[in-house]
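The same chain A turns up in both complexes below, where it pairs with chain B and then with chain C.
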Partner chain A sequence: MSSTTLQTAPPDAAPAPRTRRAPTATRLLPWLLLAPSLAALVVITGYPLVRMLWLSLHEYERAQLLGVPAPFVGLDNYVATLTDARFWTVTARSFVFMLVCVVLTITVGTLVALLLMKLGRVMRLVLSLGLLLAWAMPPLAAMLVWGWIFDSQYGVANHLLTSLTGNDWMGHLWLIDPVSFFAVAALVIVWGAIPFVAFTLYAGFTQVPGEVLEAAQLDGASAGQRFFRVQVPYVRTIYVVLIVLSMIWDLKVFTQIFVLQGIGGIKSETSTLGVYIYEMGMAQGHYGAASAIAVIFTVIMLAISAYYVRATVKEEQL
Partner chain B sequence: MKILRFGAVGIAAALTLTACSGGDAGTGTASGGSQGAEIRVWLVGTDTPDEAREYLTTTFEKENPGSTLTIEEQSWTGLVDKLTTALSSSDSPDVVEVGNTQAATFTSAGFFAPLDDIAEDLGGDDLLPGFVKAGTWEDTFYAAPYYAGSRIVFYSEQVLGGAPVPTTLDEYVATAKSLKTADRSGLWFPGQDWYNALPFVWENGGFIAEPDEDGTWEAGFSSPGGIKGLTQVQDLMVNASNAPKDGDEAELQVPFCAGQTTFLSAPNWIRWSIQAPADAEAPGCPDTFGADLKAFPLPGTQAGTTAKVFAGGSNVAVATKSGDVDLAKKALTILLSQEYQTILAENSMIPARKSLAAALPDDEFTQASAAAAANAELTPATPKWGDVEAQKVIQDALVQIAQGGDVETIAQQLDAQIESILNG
Partner chain C sequence: MSLAPVGAGAAGAPVPVLRPGAVTRRRPARRTAASFGWGAVAALLAAAFAFPVYWMVNTSLLPTNLVSGPELHLWPDELTWRNYDTAMFGQVRSPFVPALGNSLQVTFLVLVASMVLAFFASLALTRFRFRGRKAFVLSILVIQMVPGEAMMISVFQLVDSWQLLNTVVALGMVYLAGVLPFTIWTLRGFVNGVPVELEEAAMIDGCSRPRAFWKVTFPLLAPGLVSTGVFAFLQAWNEFMMALIIMTRPESMTLPVWLRTFQQATKATDWGALMAGSVLVAIPVVVFFLVVQGRMTGGLVSGAVKG
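For the complex of A and B:
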């Protein structure tokens, strides 16, 4: 939310300097305050971005890492990427997977947030702690644990299914079928993403004035109507932020897929964009080609964020 | 603020100074007396025995007073990525071990320093020729052989019972199939284990890929011999193995020690993992299935012959970006010395020097391994082969074969993929 206040500030503040000049110190102060974060952004995001653009226009392989000059190839890397059927398959796969994950994350996250509203103090604390632990777990460590849960021979998932259903699930391979592979991946990713969504929505829901909900109830609105007509509109901007962030996170997912591929499954049928870029760059040493894919990927991400920025700016101007 | 900033500048300056002096020490040793340089050696996996590690460190430090040698153990998983990053950085290790099939990726791109000037000290013509070839690029020798090994077939006498040890490849397949029960595989054959699938392709007259007259590569999994071999592989994976259809060849001692298989085809040194003490960090089963452990080389199509198997092993090289290439070469010379290689041989690893084969222990595991190694084959000699391994195209195809897919279609797709990578 702080970002929206920052964005609205310039239009209000702009006319002031024109009428009477503020002292130099006053004009420089905002920039001074911004300087540390700008410097960090330039070093951490700016330089790699420029480097990536440069790489994408050159033929850069392993030999170039050791100082062999990289020939300039113009847009060849982009043409090769965009005409490669594998790139489009991977992109389509990534988008479908992202959509499924986002819908699941937001839906379950909302339900958990509503549950947090209804729970008593003790149970709310227990649930919050559980969510925090899931959130705090590093993805790599989490993946190793989940990998063991779905292990075909010793996994607790197969063991539970066998004792619950009576059928023999031992030896069932969860990762060999791409659909099943992505079901496991989605489970892990949604599990890791729910805490943030649930906490943020819970914070939002507690800001909905009680009297408005009470009034709606007196007017005969059902629970569902109160949720969709009162609570959701109040936290609409939060939803937009969460959905856009989830889209970006789930689209660029890497660790979970990469680790699962190491545990089992068919690599060529389960790679998403992040893993594909890694395969192309780190594993095979085609850094130029990998950078071209990464640039295209960045443009896609920017398009998604641009929609969000425009939507919030518009909202503030109304 | 000011004090802080000056402090930071001071620290930065100090760091730069130490970095410079480190560099100076490096160039100083190049011209003469070595003083206080540190050599970092990357060994991969736990294969190198502790005795050899100790010998390397103490010998190096005795021969080069004032300098130290540190061994840093790396994992085989993701090794190519890690070496690429480390060897091109300013903090490069000095001496590195690399898988023999991975060597070309680095020799062709300038990651390793040429060794032609010390080739004779390293062993010259006494070195394993296949590995010298793997470490040579455009007539320059970059990576020396380190050790070799090959897969042999392990079994436990109490499990095999009275059944005869197979003498031909067909018998091997038939025996493995007949021994399969719901709880025990005849042969443990996980879907991704491509090293163990290759002998069937080679024995039936197939090949991985061969260069045409004009230099383009032609893949041979869909050749008649390749199809025949892969069909045998499918027969084994489906009808003789309970191993996960998408599993890989890591930690093979676990199913063996759990009594889940009769035959296990694995590198000869896995014997130490199987017979590791029951209370070790990675426990073996010395008292149960490891107590009467036996092994034989994979039989060939004709009785009395051994099958062509995959030549496993490592090469060692000096990093181009090493701070002190000359000192690193001295460390490399110790790795290839008679004494060091004898220690490896005594621990059942086939030494890089052919003349030391006599030092191999006279047990059946080592004998079986030596017999298999005599007939070992390598992967295609092109730096792009590393891409084929990195994309796991063979593993993906085998997983589909393990699931009962149509061998001919899968083999044709696999060949198309391999050709597009090797000729791309």
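For the complex of A and C:
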């Protein structure tokens, strides 16, 4: 194999008699290299995707898991889902929550990145270290720590609020009210997401040529104008990627909501799409109905990322 | 959380030299006061971001009666290791040591398998032109956008039908399929950054093609392998949802699932032990982050291209 491929390497130098053997090997080699990855993706991602579609078109409950044949029901699961008020409530809730998280993450992330630009070396290291600690925290552990901070009886949040405001906050239940439940969830998610956004934007901002900024300043551009007219356009693609990724991550958030519900939220009033699919499918055993929601969810995600995928395909010559 | 595709693009791009103070340098007197102000803001922010991590460690070191007491203890003034003892060897919950073992096995499996498979695949996608190549790259890009949350039911049924529930191999394969698209996509960018000319030069010197890949290209991919490795490690160590579904037996839980068993509906949460458990899960990741962070910015490839 090695000798034949060596022959084909310089594209136009291959001697005529050898070319008959060479193409077969070169044609096969890339597929050999791809085979393991392809197998893993087809079996563990491709098949479940097809299976998800199949499930969504069948009546599939706990009984079917035990071997009872699943009757084909056409689009019934979809009709049932789309006419279910709960589905629309969960979807609307997920989107509002996602939008709030994305706006907060990108805004504060930008401010932190600009601050990193202004700092001297020592303070930049200090801030980077703080960001790194938050970034490194595993989402589940982070959620539990925040749950402890907002614990009604002994949490530090209620302690601090009591001593700051003078009112008695001790015993305040943060997770019972859906609005403050999501405020806590958003705080945790934004806290965990800002470091990545800030570091990435900082890396982008440092690539904006200093001469351009200086020229803009000499021409009388204010700090705000320099930011919006010079710095942002330079890192526009980074912003697009960060916003799309944040939208995707925040829309499919599962761990944080699931754990926070376990600490003390009301499930029916706080579930987001991912948690709702888990509830319907894994917990209650309505696999067919949950799969219909999962298909709709997947379509939403692909629609959100379509712009990003198209831009990437255009930019990188595949 | 992931390191996202932007990392690959940024690493390949040339970094123009920038003097951060260039714009504001003309006002030295005001600048000291301003920079002091920004420094103070930065210190506050750093403290705010680090606080939950500190609070986790602090609580884990306090005795139970102080954790659940009327007073706030801002530092561990009565130090104890008992919470760690309860977390690791307490009788009520599922055991810690098997969970640690499972997490280590899954992580190792995913880390090694994803890097080897992605290296092969990225070579195929960058060094060869063949039919179906574009389709493969495109499908990788699209698959990345399919939420695992949507797939949980069919993945569960697949693993169940293989009778592989509660096995490290099954969870490892699910994670592998989850990280591969990103890993291949990222490594592909890095392989693109290694000029073919380097391989060709080695082959002219008598190297076989596989040997050229291994001896020339592979070492130059170090930064790419580090960042994809970090991603795979984090995914396998931190992932919760799939592990929750696939690893249900107490002895086959991974650390995140084990950590959740600290909360039981019938009992008040032992926050000290829970924080000790969180420290045990988080510390390896935090240490890993601090160690790897400095190495991720290595510019091996750009050096090779210029030379």
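As a working rule, the second predicted complex is superposed on the first by the 266 of 318 C-alpha atoms of A that agree within 3 Å, B and C clash if a C-alpha of one lies under 4 Å from a C-alpha of the other, contacts with A are read in each partner's own complex, and residues count from 1 in each chain.
Note that in this section a contact is a pair of C-beta atoms (placed from the backbone, for glycine too) under 8 Å apart; a residue touches a chain by one contact, two chains touch by 3 or more.
All values reported here derive from a predicted model rather than from experimental measurement.
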item: Chain B versus chain C as contact partner of A:Met282, first or second or both or neither; value: both
item: Contacts of A:Leu131 with chain B and chain C, given as first, second, both or neither; value: second
item: Which superposed partner A:Arg62 touches (first chain B, second chain C, both, neither); value: first
item: Chain B versus chain C as contact partner of A:Tyr202, first or second or both or neither; value: neither
item: Contacts of A:Phe182 with chain B and chain C, given as first, second, both or neither; value: neither
item: In the superposition, chain B vs chain C on chain A residues touched; value: C
item: Partner chain(s) touched by A:Lys267 [first = chain B, second = chain C, both, neither]; value: first
item: Touching partner for A:Phe97 - first (chain B), second (chain C), both, neither; value: neither
item: Partner chain(s) touched by A:Leu140 [first = chain B, second = chain C, both, neither]; value: second
item: First, second, both or neither for A:Trp169, with chain B first and chain C second; value: neither
item: Overlapping contact positions on chain A, where the chain C interface meets the chain B interface; value: 65, 153, 262, 282
item: Chain C contact footprint on chain A (complex, rising order); value: 1-3, 5-6, 9-10, 26-27, 29-31, 33-34, 36-38, 40-41, 43-45, 47-49, 51-52, 55, 65, 112, 115, 117-120, 123-124, 126-127, 129-142, 144-146, 148-149, 151, 153-154, 156, 159, 191-196, 200, 203-204, 206-210, 213-214, 217, 226, 238, 241-242, 245, 248-249, 251-252, 254-255, 258-259, 262-263, 273-274, 277-278, 281-282, 287, 290-291, 294-295, 297-298, 301-302, 304-305, 309, 312-313, 316, 318
item: Interface residues, chain B side, partner chain A - complex; value: 77, 80-81, 84-85, 88, 105-106, 108-111, 191, 242, 244-247, 320-321, 386-387, 390-393, 395-396, 399-400, 403
item: Residue ranges of chain A in contact with chain B within the complex; value: 61-63, 65-66, 68, 152-153, 171, 173, 175-176, 262, 264-269, 279, 282-285
item: Contact set on chain C toward chain A in their complex; value: 1, 3-7, 10, 13, 15-16, 18-20, 22-23, 35, 38-39, 41-43, 45-50, 52-53, 55-56, 59, 67-69, 72, 116-118, 120-121, 123-125, 127-128, 130, 133-134, 136-138, 140-143, 145-158, 173-174, 176-178, 180-181, 184, 189, 199-200, 203, 208-211, 237-238, 240-241, 245, 256, 259-260, 262-263, 269, 271, 274-275, 278, 281-282, 285-286, 288-290, 293
